[in-house]
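Before I ask anything, let me first share the structure, which is written out below as structure tokens.
All chains are identified by letter, namely A, B and C, in their written order; residue positions are counted from 1 within each chain.
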């Protein structure tokens, strides 16, 4: 295979691998947006917290980052539940600007408290296998990224199962579909909302853990991932797990190719342009809009 | 004998405003440099908040990317002064005009979006401009741009004051004008506005461009004042957040609310930042959260509620909580 | 020459036929009633006419102008006004200001905000909302909101008004008052297309009645004729009964 084709293919592989991580970042964001109708600006900050939790578990207790993922998820779950239950629930029926601003404020708080606690020093997680790479012909497949993609797909599948196959999933979908009707049917909606957000936070934490293996960790890292989550949701349609997966992969591919053609500093421009184009041309996204979370 | 037409009484408000303006004009004569700078900063945010209110409060389109126009204004002023050797005044106005143009162009696309989509897309616009500015040569790329040094500070004071007066006047004039009625109708119920003969997009663009003008002017003033600009400094969401919080705090959709919010919050901010920059961010973050939960309609509501304040807060919460 | 003419109007939502090749005409100054069981497609038909939904097929002309492809503001400016089933007031604006909006944005607008507000006052007198003119619209009761909708439509100086279930939920006395108000409006030369379930009102007001069922027009004619027609009775009750739509609950 000639050199150009090789690079193109490698870029495709890189794009898909990063896309898997994007999907994990986005799926929780999509869940909250589709169910609670809240655009959580602080989502990226939760990803950042997941990365830090993984980092501290690794550097203080030497727990392998991949093995620590359930712990990271649990930690963010524990943070997310009260955040939704006692803070966000207070304004959830108000206009979208209000909830938007609240999550904006939370993002500011979380990011700056992290900055105060851990300084802006860039951290990273380097394990024994961080540099390993599988070779498939001319292509290099970093082990860590493959693991990320695999776990992303696994997490998405689990979430999908939860949403479609369990009572909790039905309760969440019912509440998303019609709040008042769900309440009248005896569903404890405040609790369901809190569980939904906690689940989303857990997936954000897991995404952060995966990210920590390949990317630098610093308090301000969240903003970029919030934008990614938003673009993926717009691409993949709201409230759809397969959509989030597809959207993530597409965005990953687009950004990787754009970086190759235009240079490395154009990733935000690409994300934003894609966003605008999709919103104008096909506002329902690639997979159509589901007003209720399909799972 | 002729009958005189009834004269409209000069209201107490107008007298107060004239007095305040006179006082403001006189301040640099009496106050020291430090205070003049602080007050200029307050005026600048008063102008930003009042400007933001035009699109965010009156029209109901919360522009989270307004700082994009600060950047456009800053860089335009810088480029015109550095490369075209223009004096500050025309360069500043040039920045304002370019902001209007950019807003009209971008707005015709962005303002078709609603709600969350508009908010994030407008933010994305700012992020993209930041990245563009970092990649172009004419802006000095990532290293930024140095403007000529200003000779006296009071220029900034008076420019900012003039722009502030303009912004507040716009805030007064808009809701009473025909355009204002269209904008209010669009904010309240865009579909109903349409079946009553209002084509929404041109009016939204008008409000967006007016807001962009003020942000552009602020950018130009900022650039010449601080002499050095680079992409993350001027394309900075912090400006937007402050403008939004000040507007929210003072009362969105009122003429004086944003200014009141700016005066109070900026003064507090100056006090806190003297202690630490960390406090600035945590302060605004916490303030946003508290405000949004307990006083979503801002000070204006609190002032009106007076005695029944607790009850008003409880009523708001009852409506918004689950 | 009819003022409003819809020919072959059709609307498909996927495979659901909401409106099926309906011809509808309203002459200048005429009052036409549009009735049919729930789900018959009445509101969809109105949306097609006023431009809120694009028709899958068919065409509408108003005052000689083709309406296809026109946006709602343009249609409003041609002189076609409508009210909504669920009232759509501008909640934080006062009643007066609500009515001033159409006065400012119709084809031949009032020459300024002050003039528009004065005109709004006059219109509010007609609908009986004068005393409430300075209240914020969100403070109004449902019947008053209906009156406000009517006032806003009037302020548009339309030649035809589409009234979408303005009588729903009104007491019989309120229905009588509303009918009287609509007669006064019609007396000014404004044609009315009245979509209603309150059959007493439709029968009492209309010069002509059109019946829709499953998206199709099944009958048209003078009120008495239409209510006695067997197809209409079947549509409302499902089988041949002696009773017809006039015995349906008001």
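In this text, a residue touches a chain if its C-beta (ideal position, glycine included) is under 8 Å from a C-beta of that chain, and two chains touch if they have at least 3 such contacts.
Computed from a predicted model, the values in this text were never measured in an experiment.
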| item | value |
| --- | --- |
| Joint neighbours of chain C and chain A, given as chain labels | B |
| From chain A, the most remote chain by mean C-alpha position | C |
| Chain whose averaged C-alpha position falls nearest the assembly-wide average | B |
| CA centroid of chain A to CA centroid of chain C, Å | 48 |
| Averaged-CA centre spacing for the pair chain C and chain B, given as whole angstrom | 43 |
| Between chain A and chain B, centroid-to-centroid distance (C-alpha), Å | 33 |
| Of all residues in chain A, the ones touching two or more other chains | none |
| Interface residues, chain B side, partner chain C - complex | 176-178, 181-182, 184-185, 188-189, 191-199 |
| In the complex with chain A, residue positions of chain B that touch it | 62, 109-110, 112-113, 115-117, 119-121, 124-125, 127-128, 130-132, 134-135, 241, 244, 248, 278, 281-282, 284-289, 292-293, 296, 317, 319-322 |
| Chain C residues touching chain B - in the complex, by the definition given at the top | 50, 52, 71-77, 81-82, 84, 88-93, 97, 100-102, 104-107, 112-113, 116, 152, 156 |
| Residues on chain A engaged by chain B in the complex (per definition of touch) | 33, 39, 87, 89-94, 96-98, 100-102, 104-109, 111-113, 115-116, 179, 189-190, 193, 227, 230, 234, 263, 265-266, 268-269, 271-273, 275-276, 279-280, 283 |
